[in-house]
Amino acid sequence: MTTRNTSRRNFLLGGAAAASVPLLNACGVGGSTADNSGAAANDVTGGFDWKKASGTKIKILQTPHPYQQSFQPLLSEFTELTGIEVQADLVAEADYFTKLNTELAGGTGAHDVFMTGAYFIWQYGPPGWMEDLDPWLKNTSATSPDYDFEDIYEGLRTSTRWDFKPGSPLGTGGQWAIPWGFETNVIAYNKRLFASRGVKPAETFDDLIQLATDLTDRSKNQYGIAFRGSKSWATIHPGFMTQYSRMGCKDYTSEGGKLVAAMNSPEAVDFTAKWVQLAKAAGPTSWTTYEYPDCTRDLGNGNAAMVYDADSATYPKNKPGASKEAGNLAWHPGPAGPDGSYATNLWTWSLAMNAASKQKLAAWLFIQWATGKDAMSKATKAAFADPTRKSVFDGAFKQTLGAFPGYLETFEKVIDSTKIQFSPQTKFFETTEDWAVALQDIYAGQNAKSRLDALADSNTRKLAS
Amino acid sequence: MAREMMPGRRRFTAGSVGADLLILLWFVFSLFPIVWMVLLALKTRSQQTSTYFAFSPTLENFGTVMSRRGEDLTSVNFSGALLSSVLNCGGAVLVSLLIGIPAAYAAGRWKYRGSEDLMFQMLSFRFAPELMVVVPLFVIYNQTGLFDTTYGMIWVLQLVTMPLVVWILRSYFQDLSPELEQAALLDGYTRRRAFVMVALPLVRPGIAAAALLAFIFAWNNYVFPLILTDSEATTVTVAVTKFLGGGGQAYYNLTAAAALIGALPPLVLALTIQRYLVRGLSFGAVKA
Amino acid sequence: MATLELEGVTTRYGKVVGVEDLELTVGDGEFFVVLGPSGAGKTTTLKSVAGLVDMDAGRVSIGGRDMGGVEPYHRNVAMAFESYALYPQKTVFENLASPLRSGRTGTYDKAEQSKRIELVTTTLGINHLLKRFPRELSNGQRQRVALGRVLVRPADVYLLDEPLSHLDAKLRAAMRAELKQLGEDSSTTSLYVTHDYQEALDLGERIAVLRHGRLVQVGTPEQIWREPADTFVAKALGQPEINLLDGEVTGGRIVAAGGAVSLPVPSGVDVGDRVRVGLRPRDLDRADADPDGGAHRAGAERLHLRGRVHLAERLGRLVELSIEVGDTEIIMVAGSDHAPGEGDVIDMAIDLADVHLFAPGAPGEETARLGSGRPR
Amino acid sequence: MTTTVTGPHREGPRQEREAPPPLPTVPAWRRRLRPYLLSVPAVAIIIGILYPFVLGVYYSFLNYAAVNPNPVWVGLRNFKAVLTAPEFWHSVQVTLVYAVSATAIETVLGIGIALLLNRSSIIGKIFEKVLILPLMIAPVIAAVIWKLMFNPQFGVLNHVLGLGSTFDWLSRDRALWSTVLVDVWIYTPFVAILVLAGVRSLPKEPFEASDVDGAGWFYMFRRLMLPMMWPYILVAVIFRLMDCLKIFDIVYVLTAGGPGNATRTLQVGAFEDSITNLNYSRGSTYMFLLWIIVFAVARYLVSVLGRAQRRAAGAEG
């Protein structure tokens, strides 16, 4: 409620500003060009002090998530430490990225800090909507000597660093976000059910299909495996992309600096057809609407025997009282590839700064605090799974894992081969949603080969234009 | 039975029963979802996916939805959205009335050049695909700071409320004999006083019907707040859909409770203006 | 209290003509009747005077002052609408008080208002209805309230649009008498519109006949009746309608009805070889049986006709007779005593002074009167 | 506006010679301006709404996207791209199937319900009151309710209809018909109350006359009722068809255009392009083409309605 004043002020400021620019450009065409030179970071001088931005107020945009929920109670500590007031706005995950995109596109700087993932940087870093955090990290006046950026797993740090050149690998260029929590995509299963049926998790993809099909009994409203299937890019990135990579498939190949879609390679067609077959034979009935909450709900209710999705998404369902099957869940890396690959797709929830923010120092202090050792350790005691700091993971987090059979083992098995399996490119969301649409079409009976050919053709063209 | 459906003489036959059965069938279909929503809203979380009709009802969900507790669970600030909806829609209707009544009066009283164009333009707003206007508005709003504000919503909702108000009221003004106002003029009253003294009181039912119907349609609108608001000025319709994916958890009972609360104001308003509904819904084309 | 002048008043509704080039002068205090069928432009005339419609051309002056651009509420005219135009949300009393409260018709305190209303409603016989709403009144009562709203206030001009049309016959007669009295007593210039010729003849000091928005004739009731300017006016006055016979002019005589009607061409009247002969049914006398019926002027020259009664229709004291005369049919009205039966052959006569001559024309076409004076 | 004129009786004895004081006048141009003045605020609103509309049309000639904030004029390239893309024609087909089938079903059912309610039965009287309930609930809220009911696992529909947990209402083959079903649920009452108002306004005499003549009810319906009702039915059809052509909310909530592109109506497609992908130009191109379709259909139907109203007026008058 307190922010209504802000909106009104923005309205007045905006109105005045708009009046001074030529008509068509003022209203309707031409976005803001944010200052992205790092000048804001360099303005901060002198010794580091948490109270440097005391008395200011920032807004952060988040999606409801175990991470966010774990941090919510700690926000008052931040305010105490820095004198900065924080208002956290929440948008449900289904709408989150649309909201985030639209807000950043608007260039209003309404939210100073936002939760984001690596893919997001690819598309929305280039227009200059995100602040490069590298100058902030390097400025000792702005960053605490205790921060220890190197403590964050290197794979994660590089996943949020990119130079915006399509096809160029991650790890060079600006630091667009600081990794906060991360997820590996593995199988969570109902140990109780597996025990009663005398089965073990599958080690190969064909076995997984067989196992899941065996565990499916529609008359009891029970099915083998849940994974996402909705019309969204998010359908591709967890279980599908993980197993896709393990089977040796690539999304794009780079030919002469140009990306060429490879979703229709023979092995990709073969795998995709099997994946869709799995969804039909042993997946949820309305698979094409399934998002991760649906998957984990069914696991928690005992309807689904397995879920192939983020470990941190299934993790909270095993907390006592969180679901019907709490205490009965266990984790497994999922099937290896034919060559024994445990390639796993990575998702990092990171914190990024809005380039249009008017409180950049305060925003940076918040990011620094949230990704710092103290706060992350405290959050881990709630439901914050997979902290990005090695010190926190090995320290506070491991202590919580006793009641989560296989969680740590699974994590350790896949972590070395866990990275972002997608090729960085600026039309990630659109082309990846098209991919999900293709899966749905194949699910509805279209020929996998021809459908994927069409997809690859269309995506190659989209990237070229 | 069939003959009875025609105007004129009434006759009671065995067929009546058949007709009643048919109509009953429709109403089972028509009311079942609403009844189901009410039932779901009365369930606890553990009952929401496990039972259909047998459960112990609780009113707790309504309290949860409206309170901070619901926001913590689902990340939807529903009471805030209710307030925003009231402000957005109330403001939009008010603006439409202030601007629409004179325009409707002019269009209903005089034949002047461009009046038909004006009315047709109004009507075309009713039938225009919303996104055609909303996408540029989204860009404009972001540049001018109208994004996610009540002012911005009031402005864009004119697209919904203004045509309704102008068309309905024009039909009422057209029905009103101009001689009443002429009599007032000859009684010695100025045009403005004649309008206020004679015309306005007589179209009051029309104004009430148009205002309430416009409020209902503004309330029920989804595309505008979906695109042009975020957290500050977002409305009930957007908030209800947020429950579906809210918090990564499925609170269907809360969703149903929110849906019920969100559906209630239009239902109550519609029942109060039922007599004028047909005329309003058809933009004055059908005078019941 | 004022003269009323209309000069070249033209009012159109889009392409439809309301009135065209209307010239009228109504004297101060005169009770002036506008007569015409529906669609003749009567109401438009009143509204043009009141300033309620925008005129396309012409000038209206009241009391010598040009009303161009003057708003209706500044014109100080009162009008009774044919549709009554009573405010439905107000009681009869409030309706009648409305002009007294506007401040533009004079200043009246509550007592004066009540007194005026009491006076006018008593005259009109509606003083028991003051608390009613218009929807609770009969049409006749509404009409009297509408009339009351005019009479309750002083004005330069009263505009009365068919104020008696919805009254039943008995009441209409009474109200007509009342109005006549009022017109004579009051010094307010009144423009009274009606389609009823008897009302017009009875009430009007002068009458204007309108047709298709154009003025056909203005004159006293006597002039209009005696010297209708054309067949339209002739037909508009009198019930049954005037008989019009096509005649040929041969050898100084006008011959019509296959020779059954023959009269000399009056002197001073310029006729061609064809004319129309107009005979009012009530001007025709029974020349054979009616000893003293038809008070024709003694010694006047008369036209004699003979025909066979084809149809006899009793209208109370009178009988309307359809009579075959030559090859045409003529209507006459006779006293019901000694009325002829169907099939009887009768002789009729009419003063030559009462025979109207009009220019020839096709059926349905209206043609002008021939000769300025009476045919002699 | 003040006046200097008062009642004539207030003046003393008449003074014939003296020129009376002049009356305040309003020039003709100001009289003619009156309706325009009253409409000025409304026109301002129209311009305010037209401005973004025109801007939207302008967008469709640019390569404007959020990631490309400095667009250039690209002529008809967007139109060429959209019109040659199979998704667009698929969306046109989906939109037309949705609009025509929903309108047709609602019209037939609506007429049926109106006729049934026109009988003076107690049940009909009661039901008439609640007939409009689905119509007044926000379409999105209705869609949310139905989405919950459609759920194969705990949704009540599969339970009540005995379809088990494997029947997927929103599968690729069924999703379009399920969205039409929801549309029918919401909007059939709209047609019904309009037609009912029409039925009630019909004169009774022709029906009584042909009743005496012993005409069958179907004959009466076809020869008497339908022609007289035609304007009412047409009004309902116009409103429904127009709204269905630009359907968004129900589809967006139920399926978001999926599965695959099975329910990707034109406006849902435009939403995907302009809001999800922030490609304003492509989204605007979609909307511009949809607008042309809607406009053409509207013009045609309104002219049909005009003719029908004149004919009906002629038949009754």
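In order of appearance the chains are A, B, C and D, and numbering begins at 1 in each one.
Note that contacts are C-beta pairs under 8 Å (C-beta built on N, C-alpha and C of every residue); 3 or more make two chains touch, one makes a residue touch a chain.
Just so we're clear, the structure is a prediction, and the values are computed from it rather than from any experiment.
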| item | value |
| --- | --- |
| Chain pair that, of all pairs, has the most C-beta pairs in contact | B-D |
| Per Cα centroids, the chain farthest from subunit A | C |
| Subunit A-subunit B separation of Cα centroids, rounded to whole Å | 39 |
| Intercentroid distance (Cα basis), subunit D paired with subunit C, Å | 53 |
| Centre-to-centre distance between subunit C and subunit A (centres being mean Cα positions), rounded to whole Å | 92 |
| Per-residue multi-chain contacts in subunit A, two or more chains | 27-29, 31-32, 102, 105 |
| Interface hub residues of subunit C, defined as touching at least two other chains | 71, 73, 75, 104-105 |
| For subunit B, residues contacting two or more additional chains | 49, 136, 138-140, 190-191, 227, 244 |
| Chains grouped in pairs wherever the two touch, ordered by label | A-B, A-D, B-C, B-D, C-D |
| Subunit B residues within the subunit C interface of the complex | 111, 177, 179-180, 182-191, 193, 197-198, 201-202 |
| Of all residues in subunit A, those that touch subunit B in their complex | 1, 3-4, 7-8, 10-15, 18, 26-29, 31-32, 63-66, 89-95, 99, 102-103, 105-108, 110, 291-294, 296-297, 301, 313 |
| Parts of subunit D lying in touch with subunit B, wherever the complex brings them together | 1, 32, 34-36, 38-39, 41-46, 48-50, 52-53, 55-56, 59, 109, 112-113, 115-121, 123-124, 127, 129-142, 144-149, 153-154, 156, 159-160, 185, 189-190, 193-194, 196-205, 207-208, 211, 217-218, 220-221, 224-225, 232, 235-236, 239, 242-243, 245-246, 248-249, 252-253, 266-267, 270-271, 274-275, 280, 283-284, 287-288, 290-291, 294-295, 298 |
| Residues of subunit D defined as touching subunit C within the complex | 1, 3, 5-10, 14, 19-20, 22-28, 31-32 |
| Residues of subunit A that touch subunit D when the two form their complex | 24, 27-33, 98, 101-102, 104-105, 123-124, 126-127, 218-219, 221, 230-231, 284-286, 288-289, 298, 303, 426, 429-430, 433, 437-438, 440-441, 443-445 |
